[in-house]
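Labels A, B, C and D are assigned to the chains in the order they are written; within every chain, residues are numbered from 1.
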Amino acid sequence: MKVGVVGASGYAGGELLRLLAFHPQFEVNAITAHSNAGEQITSVHPQLQSYAGKKFSAFSPSDFLSCDLIFLALPHGESAKVIASLPTSAKIVDLGADFRLESAQQWSKYYGGDYAGAWTYGLADIEPFKTLISKSTKVANPGCYATSIALGTAPASSIADLSDVVVVAASGTTGAGRSAKINLIASEVAGSLTSYKFGGVHQHTPEIEQALTKVSGTAAKISFTPILAPMPRGILSTITAKLTKATSTEEVHALYSTYFTDSQFVTVLPIGVMPKTSALTGSNHVQIQVAVDSHTSRLVVSVAIDNLGKGAAAQAIQNANLMCGLDEAAGLRFDGLGV
Amino acid sequence: MKVGVVGASGYAGGELLRLLAFHPQFEVNAITAHSNAGEQITSVHPQLQSYAGKKFSAFSPSDFLSCDLIFLALPHGESAKVIASLPTSAKIVDLGADFRLESAQQWSKYYGGDYAGAWTYGLADIEPFKTLISKSTKVANPGCYATSIALGTAPASSIADLSDVVVVAASGTTGAGRSAKINLIASEVAGSLTSYKFGGVHQHTPEIEQALTKVSGTAAKISFTPILAPMPRGILSTITAKLTKATSTEEVHALYSTYFTDSQFVTVLPIGVMPKTSALTGSNHVQIQVAVDSHTSRLVVSVAIDNLGKGAAAQAIQNANLMCGLDEAAGLRFDGLGV
Amino acid sequence: MKVGVVGASGYAGGELLRLLAFHPQFEVNAITAHSNAGEQITSVHPQLQSYAGKKFSAFSPSDFLSCDLIFLALPHGESAKVIASLPTSAKIVDLGADFRLESAQQWSKYYGGDYAGAWTYGLADIEPFKTLISKSTKVANPGCYATSIALGTAPASSIADLSDVVVVAASGTTGAGRSAKINLIASEVAGSLTSYKFGGVHQHTPEIEQALTKVSGTAAKISFTPILAPMPRGILSTITAKLTKATSTEEVHALYSTYFTDSQFVTVLPIGVMPKTSALTGSNHVQIQVAVDSHTSRLVVSVAIDNLGKGAAAQAIQNANLMCGLDEAAGLRFDGLGV
Amino acid sequence: MKVGVVGASGYAGGELLRLLAFHPQFEVNAITAHSNAGEQITSVHPQLQSYAGKKFSAFSPSDFLSCDLIFLALPHGESAKVIASLPTSAKIVDLGADFRLESAQQWSKYYGGDYAGAWTYGLADIEPFKTLISKSTKVANPGCYATSIALGTAPASSIADLSDVVVVAASGTTGAGRSAKINLIASEVAGSLTSYKFGGVHQHTPEIEQALTKVSGTAAKISFTPILAPMPRGILSTITAKLTKATSTEEVHALYSTYFTDSQFVTVLPIGVMPKTSALTGSNHVQIQVAVDSHTSRLVVSVAIDNLGKGAAAQAIQNANLMCGLDEAAGLRFDGLGV
């Protein structure tokens, strides 16, 4: 299958190219970037030796005419603009936010600008999304925080109060993009933790609530505080909610394990073993641990992913696999880096 | 004044020696360490050029006979053992946990072993502790997490439900001590986040609840999840609790600012500016930010400290200053490192 | 082909397992570890989801009877001991040092203990090694520093004085192994650089000199200073030697580019672009840059590799591919992580 | 004494303010910054609680009329421009490069633009500089790399060939300044090493050679390769040169120890103990180790400093102390951070 990538000069775009070079069925034949058009791909992504000698093109609809599958890795608001010029026959996975929200009001509150509508939400590891994705030609890939938080919370609807979920999640710096800002330079970030988008205003909040409401059948509400961590990749989300019934760590662990039985990329770790972001680096895997805090009658969940892998490029490929009728794990059967 | 330090080979002990070398009134004349007795201080703490040529002694009560002030920086359970052999006239600040808890039951639940009783709790920046400390000869220095969480939560008793406070706090690796364990080696920690003491079992929980209950007059309860962060120093605590009355970020900011008016080491940052652990490195300062999350009717608080500075050695010196009738800031008037 | 790994609990062993799970022809069916025998592989290497449910065995010769190919990832001195009990028909790649040196005297000076003899030196990217490897059944995989330094120096024999090569190379912490030592804990390493094995005593020195002498036909001599860098993976080697003839950066760049024409894993970067260790992470690739320092009449070379990838596990697989008559890139066609 | 700081918004300027707040004799009463004029000092340097409420001024000569001492922390080429408008009575320490080089030709080669002349070179720990500084009213503070390399090489003139010194030095990211560039963002730097200004072109080369030539009486020549390290502060320099006479590590160690007898900020560590950048963080101290590499007949020297401390702000204060007839250690008697 012929594949195009629109917006490949960012970190998610680079990871997408890296993973696509592995894929047994996908062949990348159109790669665009806006401000880096004309540059060698390896001058922006020096690791992409597989693309040595190739250059980023400027976006031109004609380059995508022969594409069976297109990935969009653009800033929010941009995907909606290019969509009309892409071939209608092509399957599309949008790694941006433009088509994630089903509520125009929420779009307006958290993003602003024109509302573009909603595509199938590509939370590929769980139902009802997985089935819907396999029937879709357009999929909105979830946000990185949203992926980890929704996966960590979804199984809990029968035991915890999802109307008051508290989440604190820390992300590596690639989550902030490949842009030259003082607050992102290494001297500012090294050896330091700081929060941002503070006070419940992060734009992933509505998509998490939308996903959880869909899974649980009850209105979910999330208090979410993001943190910038001194590492390039990885998200560790800590999720807690009041238990709605008496239960034990063992029972919750069994509940989660059962919930993810058919999710080959989600591992509920043995009780007591904690998720660790470096174990997921570069992969499509998710690690989850649960505990009942009997002192406060709260469920506590810890979830680790790679923000660029499962949180962006790898899940996008999993979605594409499902959309194309391939094994969902095609091109994704590799472990995280570990160290 | 003549000062002794018992247990100076750990990170808190090293930081204490570093800060004491600055202090205008304190003169260190007894320095002991258990397993490193006989070694050069600079062989364990290569930064302590001020102590060049001096060695750690094995603990011997006679070395402390002339001490007016003694700091204990020992593993929990050890302070209680040495206390009887120290001169009764000496003022003592214990950086360990042995004398923090007023409840024998809580001691037993979280630490185990013999309960040694409680000393004045040395949360030096706020009342009623500050006044009590200045009248005490024995003070239990708070834990690092406890310091940041108690300070961040204390002002909120009139506006938030302290019976269900959720805290996620990430600490630098020095919080785990100077010990050779596989999970602490740089290869395991670098570029990775992982939680530990998961499920509401961290031993600082009861001292935080005890402190907040004392400040607020109502029973406080904390769900606390600690995280190990890939940096040597610093704690960033994110605290959230349901608001018990309608309020705004501006009002809460004013409330916190007023609360800390007389606390020279606590800065409530301008609205929108976030605490950052590197800004506090090596210092006794605290940075706090607050917000009202109107989406979930929750108060959110972010607090940054240096776990070895304000979270251990610097607050211990602040306590000693208060106990000795000195300016509380003596020897502590320096800013954090920043980068 | 059936594959065994002896000593799989270290970092090189873990990386080997990670890469072997990708390999199209190799099937791992024996995995041993000494001190971790009986443990889940994922309890030591939490990233190795591909090996979920499998355990490390204690070493038992019978487990390796059916193996066509065996990798040894043992501390030096250990490979020589197990070799006699392995099937004589099996091809063997030793990632340790036991069979690298052709001089018993050098072995004795740098390692000590019984000298075990020399196998084909597995510097797989260049001749004469590549051809020799493809004819060998036993190959000694080069050390991580040795790989980067030998590759960076080998092309220079016609233009620089290899009898006085100066090398300063910095390695990530995984190069020091997965062992619980105070000087390796994150608090000690974070944000810090320090040298070790100082004064020309590093044990990779003789294998580098042996390799260069073989390539150049003249006796090579290296002054080598290693540095421990605050990062988990990667080696950056800076190599300099007096020029023996007048030349320019452009000419040297052309010389290097020609030298590595047939080395698909070695990239001589465009003039002015510098090697960067993160671009190589997890891969078998090498990046090289050269310059003529006209001020001092010196050649300067910068080489980046991943110490665990090209510097250990990935090159071991490249060697195995060559020994088995496979494409040398089988299972190794993936780019580095980049960030 | 009244002190002014011109250009205080960069990292060196921030460190200068941090250290000046400690100083017993200096009182900062003019603080300027170009692009940050009008901003709160704490908005740029959030650690500088001592300056809470104060703002950066735009540069105005009248603000410096009452200053007895002025520090310039400006980009190169800028110091020369402001100098004419400063009071002639004021002592001035320039942290930039404008007045370091005695050769107009070298200035032109390495910096370009108008040559402004040379001031006393402020390598404060050794002669002949120390004596000259104490007689000067204008001092050019050495560069960070230059400080570490010149100190590490100066004692060797009687035993090593200073006409062919090889130096590889790695610096923390603050050395690259507080500027928003893609190659400096944390995602690019984290976990990675890369060289820059490659091929003997770093602009500190001539000042090192000038200083060593002055100390040794013979023409020194340096091949210098700088590396960007994934840490905020610190420089580790590895220096090597051919020995000109047979000697031993012990003898060289004695030579260096003697050389620095009167240099209270320079520590030649016990044989076998290696300099470590984190031990120097925030301080004016230097750690040095030496070895004879008998295999190659080379001297090897390892030197660690804090690039912002000894390599910039702290040495500037040491220079000011000497110029003002104060104890050279006034305001500088604190140890490095260690961790």
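We take it that contacts are C-beta pairs under 8 Å (C-beta built on N, C-alpha and C of every residue); 3 or more make two chains touch, one makes a residue touch a chain.
Here the structure is a predicted model, which is why all the values come from computation and not from measurement.
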Pair joined by more contacting C-beta pairs (B-D or C-D): C-D
Rounded to the nearest Å, the gap separating the Cα centres of chain C and chain D is 37
Each of the following residues of chain C touches two or more other chains, namely 11, 172, 174, 187-188, 190-191, 230-233, 276, 278-279, 281, 339
Looking only at which chains touch which, which shape fits best: line, ring, star, complete or other? complete
Would you mind writing out the residues of chain D in touch with chain B in their complex? 11, 14-15, 18, 21-22, 43, 45-50, 52, 174, 190-191, 232-233, 267, 269, 273, 276, 278-283, 285, 287, 308, 333-339
Of chain A, residues touching chain B in the complex: 164, 166, 168, 170, 172, 187-188, 190-196, 198-201, 205, 221-223, 225, 227, 229-234, 236, 238, 240, 242, 249, 274-279, 281, 289, 291-296, 298, 300, 302, 304, 339
Chain D residues within the chain A interface of the complex: 11, 172-174, 176, 178-182, 184-191, 230-232
